[in-house]
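Can you keep this structure in mind? I'll have questions shortly.
Which chain is which? They are A, B, C and D, in the order written, and residues in each are numbered from 1.
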Amino acid sequence: MAYFRLGISDMALNRFQEFLWGLIAPLRRRKGERLLLDEALQTLMGSRGEVSTAVAAREVLDSYQEAADEDKLVFFRNLEQNFNADFETVKSAWQAYEEEPSGANLSRLSRDAEPRRLALLRRLHQTPNATHDLVAMRADLLELLPRRPELETLDREFEQMFSTWFGRDFLVLREIDWSTSAAILERIIRYEAVHEILDWKDLRSRIEPANRCCFAFFHPSLADEPLIFVEVALTMGIPSGIGEILDNEAGAGADFTTAVFYSISNCQPGLKRISFGNFLIKQVVLELQAAHPSIETFVTLSPVPGFGRWLESDADDDEENAQDAALFNLKRECREWLQRPEPAAENAELLRRTVFNFLLRKRRGMYPEDPVARFHLGNGASLHRVITGADLSENGWRQSRGVMVNYLYDQTRIETNHEHYIGEGKVQFNDRLKALQLRT
Amino acid sequence: MAYFRLGISDMALNRFQEFLWGLIAPLRRRKGERLLLDEALQTLMGSRGEVSTAVAAREVLDSYQEAADEDKLVFFRNLEQNFNADFETVKSAWQAYEEEPSGANLSRLSRDAEPRRLALLRRLHQTPNATHDLVAMRADLLELLPRRPELETLDREFEQMFSTWFGRDFLVLREIDWSTSAAILERIIRYEAVHEILDWKDLRSRIEPANRCCFAFFHPSLADEPLIFVEVALTMGIPSGIGEILDNEAGAGADFTTAVFYSISNCQPGLKRISFGNFLIKQVVLELQAAHPSIETFVTLSPVPGFGRWLESDADDDEENAQDAALFNLKRECREWLQRPEPAAENAELLRRTVFNFLLRKRRGMYPEDPVARFHLGNGASLHRVITGADLSENGWRQSRGVMVNYLYDQTRIETNHEHYIGEGKVQFNDRLKALQLRT
Amino acid sequence: MAYFRLGISDMALNRFQEFLWGLIAPLRRRKGERLLLDEALQTLMGSRGEVSTAVAAREVLDSYQEAADEDKLVFFRNLEQNFNADFETVKSAWQAYEEEPSGANLSRLSRDAEPRRLALLRRLHQTPNATHDLVAMRADLLELLPRRPELETLDREFEQMFSTWFGRDFLVLREIDWSTSAAILERIIRYEAVHEILDWKDLRSRIEPANRCCFAFFHPSLADEPLIFVEVALTMGIPSGIGEILDNEAGAGADFTTAVFYSISNCQPGLKRISFGNFLIKQVVLELQAAHPSIETFVTLSPVPGFGRWLESDADDDEENAQDAALFNLKRECREWLQRPEPAAENAELLRRTVFNFLLRKRRGMYPEDPVARFHLGNGASLHRVITGADLSENGWRQSRGVMVNYLYDQTRIETNHEHYIGEGKVQFNDRLKALQLRT
Amino acid sequence: MAYFRLGISDMALNRFQEFLWGLIAPLRRRKGERLLLDEALQTLMGSRGEVSTAVAAREVLDSYQEAADEDKLVFFRNLEQNFNADFETVKSAWQAYEEEPSGANLSRLSRDAEPRRLALLRRLHQTPNATHDLVAMRADLLELLPRRPELETLDREFEQMFSTWFGRDFLVLREIDWSTSAAILERIIRYEAVHEILDWKDLRSRIEPANRCCFAFFHPSLADEPLIFVEVALTMGIPSGIGEILDNEAGAGADFTTAVFYSISNCQPGLKRISFGNFLIKQVVLELQAAHPSIETFVTLSPVPGFGRWLESDADDDEENAQDAALFNLKRECREWLQRPEPAAENAELLRRTVFNFLLRKRRGMYPEDPVARFHLGNGASLHRVITGADLSENGWRQSRGVMVNYLYDQTRIETNHEHYIGEGKVQFNDRLKALQLRT
């Protein structure tokens, strides 16, 4: 899409890369082979002049891409061990600061104590397409991390740099519809993480009808790559389950009253902890209000993925019992009822009550344990409805025992909610849910 | 131009800002008035959650814009004095690092020693249009700097942040022509710093004819704002003066042999020391090669702004004489000749010789004193020709005594030149200039 | 603007024309010279195959462009005299139709009686850029017409063809603002026919402020050429003169109540009698209603160009007196009053009364004589206000004695007005104007 | 894609249609129902003023779309019978012309004899989206035609009008690739008529790899609707069968020598006999030459769909034998050989010979009977190669007994070939095919 073909055209980009390649060639020992990563790194850190830097940066990124997995690990370790700072330089900067803790001396200390990894990342960024390649590099790093905890420092520095490159002012909101390029749509299919998109026909049913829409954030340097997207159904009332949305025929462009955010997916593993979701939902609310003034209710239709895990686990039973016996008893009761061959429907209320109190009372630190709840409540939404039998897919049963939850985005209360939640961990909920609340 | 309507449309942007404004309102003491900058800053640094941050960032930026000059100074001083770091925290991070200088401990020290100013800049960036407003803020700061050297530390931190936000991968090259939007063209007129553009007709004569072109770098977050641009004339040979270019009628789209870069202008005072020029010229060379394969020579037609200053100054005469007596004598001879009522034309050679040796021998540190020479030689260009009577405008006489210089961009030698220049300060020049060189 | 770079890019277009040119070359007698128009025409009418036609069409259009004025006249005469039909063929088609007036026989007669000029125009259209060149050709023809009435038939056929090529479904509405390309804006300056645009600064004051806008129709084949445009001022009430609009400082984006169409200009002389204005105004009303729901009044601020002419002329005095003595007396009275050295202001009412009754009663056939009145009343607008001293420029005085008129576009009455006007010539006007109406 | 959002945006279009609808409403007898087609037609033909026409045109088009099949037939018959001309008017125009056969009188006769159907089509075109609706209307008409030959006259008039609306100057060439909108790509899948596209994956393999491309013509008023498209494979030599192209893995962006046009599909049944193919192929040749200077050979890989039909038919055996006994004998021999259980491969030469001579000698009028041959030879291509076993799909066997043919587009010979073919029906072929030629 021309929209994103910002800047140098593909053709010019190729020319630019060929040009860079031509410049690096004399540095190579053997024709047709890339520099070893080490050499490329040394060249990059020693480069003076902008063009040499661009050349060497491209060389490092290309060499990295072609490297074997074990060489990538060596590369990361190299960064971790050898791109720190010179102890003596840091020491003398500290001493100056200790003697006179002025702004200038702090600045000097800050610069001298900055790990050379960060300077390296900045240098790597001085070449076209670098953002894309570095996001991919961090995705590799994050995969290694569980087995290589020593690389965590390095990952923190990636995160620090990315939070700068992906500041809110650089993000671009775009509507995704049937006139969007196939290159982007193909990624929407691939990245949908909540309710799988089966094929192009399924995709079309989610973005083309007048009562369905989809919005994504993009970054100018990642042309065809959505960062995060949200799928929305426009309805005449809050639906009582995801089936109504996924199976429903397209409704005519009637006077919708409700926008249901039923799926929100992050697309870039390499951008972990760089969060865009808060802004996305809030900006989409504004877009929808402008386009459909009749819409007054903005809710999610969300799973409760923490519920299944919690219900099944019994490792911490004693501790749980000690902390919150009422909740613990409810959990046990619910678990038993669910294990019956045919749990009597009239008792679905038990499930609702358990989920509601789980969301309210089961905490990790100050905030609810369920990650989806943390996301929306942290955004200033409130807990609006708990619906049983709302997602009877295999996945829906496993994660949430078929329960889904509406979180309500009420523009007039969003900031107050947000403050009470952040400050006191207070979860706002609809009065009608009060009856479900455990007394103790 | 749709091209730049990147991201949220103007209308959506307005909605978004109204929304942010609505959120900040409860914080205000008096309706209709902005928060004082202090309060806004405190709110921003205390904000939790992305939306609160965006709100408070917008508040700070708007309050700043409306502040009186003296309040802006107070604001900068506040940043300088009160946004440093907590001494005890830095100290204990230092102690940990001193004890075990590991990567993780260095990282911790680096984070703890980072002046809070940088975190503040990152937070300010979390709101639409922030890049634009912060570039303007630094322009203010740079104007204050000569009288307020204590703010230099703060400026360094702005520079550090901007070098990240304006990395090469974020820059976008665009051709400027008669189909470009008036909003951009109006800025080209305003920012042209070398050969003034008189009016829209003059502008048109520089961008519309088949033998004239113009290229600029843009940044996605500064939609209609060029960062730097270069004007190019396509010719059948190297012209012997700027008049040929500025006055000349448009030539037919013949088989050009030469591209003359006759003007390069930085547009954003707030981006001082964030340099784009190297890349711009080199990428434009690539674009022109692709579009006009017949062009084989890429030269500048440049003033020598350091020459006039040097010729006039006599403060350092003794020192100069001691350092380079041959050059000093040449300078004196030239000065006398120029002061005659009608300097004999046959002696124009004396002027050429003086300029050439000035460029070659008068150094600031390792590199030539003349800033334009430093720029192009640092890019890997070589000194190709020295032309007298090439710019007889008042400005041209004052700056360079009418002399202009061609710097040659020869793709096959650019990298070698660059290395010799950077490493040894060596100035490459055309063999035909050899005769002008002082022997001693 | 990419928007209009529809279709083959400039570069591809050049290649395509070179290709066409290569094909025509063998037909030429002397290298380097164009075919004479005659030969080119013959080649075109004899061409078979689409490519030969495109080649020959391009050749005719290029030869025409380079022809001298007298050769263009010869060319038009040639079309008029030698591109009719074969009498015998028409005759036998007539005889078949006379015998059996079926649809098929009529079709045959229609085809056989079609002047070959029309087929020629269709063939000329089979080459890139033909629309542009043919519109220019008709502009030449229209200039010749007053002295060459024999070419009127030919002009009617141009008109017939253009009314097909410029059908409503091919027109494209675009807003003109400060982000529009200079190539288009430069034409807006050039084509403004009502209130001259002095320079780019003046233009900017008409399109950039939040209370000014401009819309134009374009045709996909005339990329940067507006066909017609209208300038609009958004105000808080109906202004009492054009000065308020042209001189006024930009107002803040307040809650406008009124949109004033103060200038509408046709841009293409070659499209005479192909009218776009009706649609333009009505569609702009819709756009403005959508963008500014607070606007409830849509009026023009129009000159009365027929009034000055009528007031001055005395050729038909006797006839006028006989037809409408009351109006004639009013005209005389007004004329005298205006000739006094200082016409007493209190009597401005006389001028208003004369203009109002001129608009109402002075007719050409069934409809008012004043062309601007005919345009807006024919659109379904009503006469809303007559304002003296509303345009005191030299032109405003000469044309309309300083008077301007508001025509009101009231969406709820537009169709009824239109029907009464078209059917009975009835001019709707505001009740408050009733007092000005001549009784007899 | 913004590219095609030409003109009034969807939203504005909706507003415009609502506005039109509001105007038509008073004409309706019963609320909520469309006018009968008859009434709508009468309103349209009686409308005065542009807006009334647009309203009524939209009403006719909408009523038509919602009409039942039998009502559509009634509508077409109505046009055929009642939209002719007034006999007496035609007669008096004829008499004037007969008396003085001047250009003006011919023009008058031509206008008076024009069936009112054409005026009707022009009026219908005066409303947004009319082109689209009228193309669909003609598609309906063409389906009726075989059973309703009396409607042929009407169809001729549609064709006449469309040839004007789809003149070459209005067509827009666009490359189709993976960044094209899904709305367009979905139609490419649907309209591919030569080698079926199975799904989106298959489509991607034809448009994304560096050695595959696709180009289409569009019309500005049919935004997302391709008119015709061609699929091209870039190769290192002429492939010996379609399998090599359809199955082949994407080759690296090597130095291609050959462009193979392996599929060309018309998309709009309603545009039958409005041909675009000639131009498409020739313009694509130019685009490819510019983008890939290494390509020197431009060939098709085409089926011979007339061959299967001819081989099977024996209705005209006697006649064929009489006309061209040599060819007839060859056909019989080939037929027998193909009917053997396992036709010996060594004899594939017989098949090649039969196809070659079929293409050369079996004529309909002056030109070859095979429609694909007629298309490419009429374009100026020559017969380059006849390949057996080149398409072993079921369809390929049925149509062409597995044979495919290369037609060569040689820019230096295209015009000469074209002239000899058009003038004398001469088929140019490669010398190496000479051995296959029947002597008699």
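The rule is short, and it goes like this: contacts are C-beta pairs under 8 Å (C-beta built on N, C-alpha and C of every residue); 3 or more make two chains touch, one makes a residue touch a chain.
Since this is a predicted model, take the numbers as computed values, not measurements.
Engineer: Moving only from a chain to one it touches, give the least number of moves from chain B to chain C.
Structural biologist: Steps on the shortest route: 1.
Engineer: Going by average Cα coordinates, which chain is farthest removed from chain D?
Structural biologist: Greatest centre separation from chain D goes to chain B.
Engineer: I want to compare two interfaces, C-D and A-D. Which one has more contacting C-beta pairs?
Structural biologist: Ranking C-D and A-D by C-beta contacts puts C-D first.
Engineer: How big is the gap, in whole Å, between where the Cα atoms of chain A centre and where those of chain C centre?
Structural biologist: Those two chain centres are 56 Å apart.
Engineer: Could you put a whole-Å number on the gap between the CA centroids of chain C and chain D?
Structural biologist: It comes to 37 Å between the two C-alpha centres.
Engineer: How big is the gap, in whole Å, between where the Cα atoms of chain A centre and where those of chain D centre?
Structural biologist: Chain A and chain D have C-alpha centres separated by 49 Å.
Engineer: Would you mind listing the residues of chain D that make contact with two or more other chains?
Structural biologist: 2-3
Engineer: Can you identify all of the chain pairs that touch?
Structural biologist: All chain pairs meeting the touch criterion are A-B, A-D, B-C, C-D.
Engineer: Spell out the part of chain A that touches chain D in their complex, as residue ranges.
Structural biologist: That would be residues 1-3, 5, 178-183, 185-186, 199-200, 204, 224 of chain A.
Engineer: Any idea which chain B residues touch chain A in the complex?
Structural biologist: 2-3, 6-8, 11-12, 15-16, 19, 23, 26, 48-52, 54, 80-81, 84-85, 87, 90-91, 94, 97-98, 101, 103-104, 106-107, 109-110, 113-115, 118, 122, 125-131, 152-154, 156-157, 161, 163-165, 167-174, 218, 220-221, 275, 278-279, 282-283, 286-287, 289-290, 378-380, 411, 414-415, 418-419, 422
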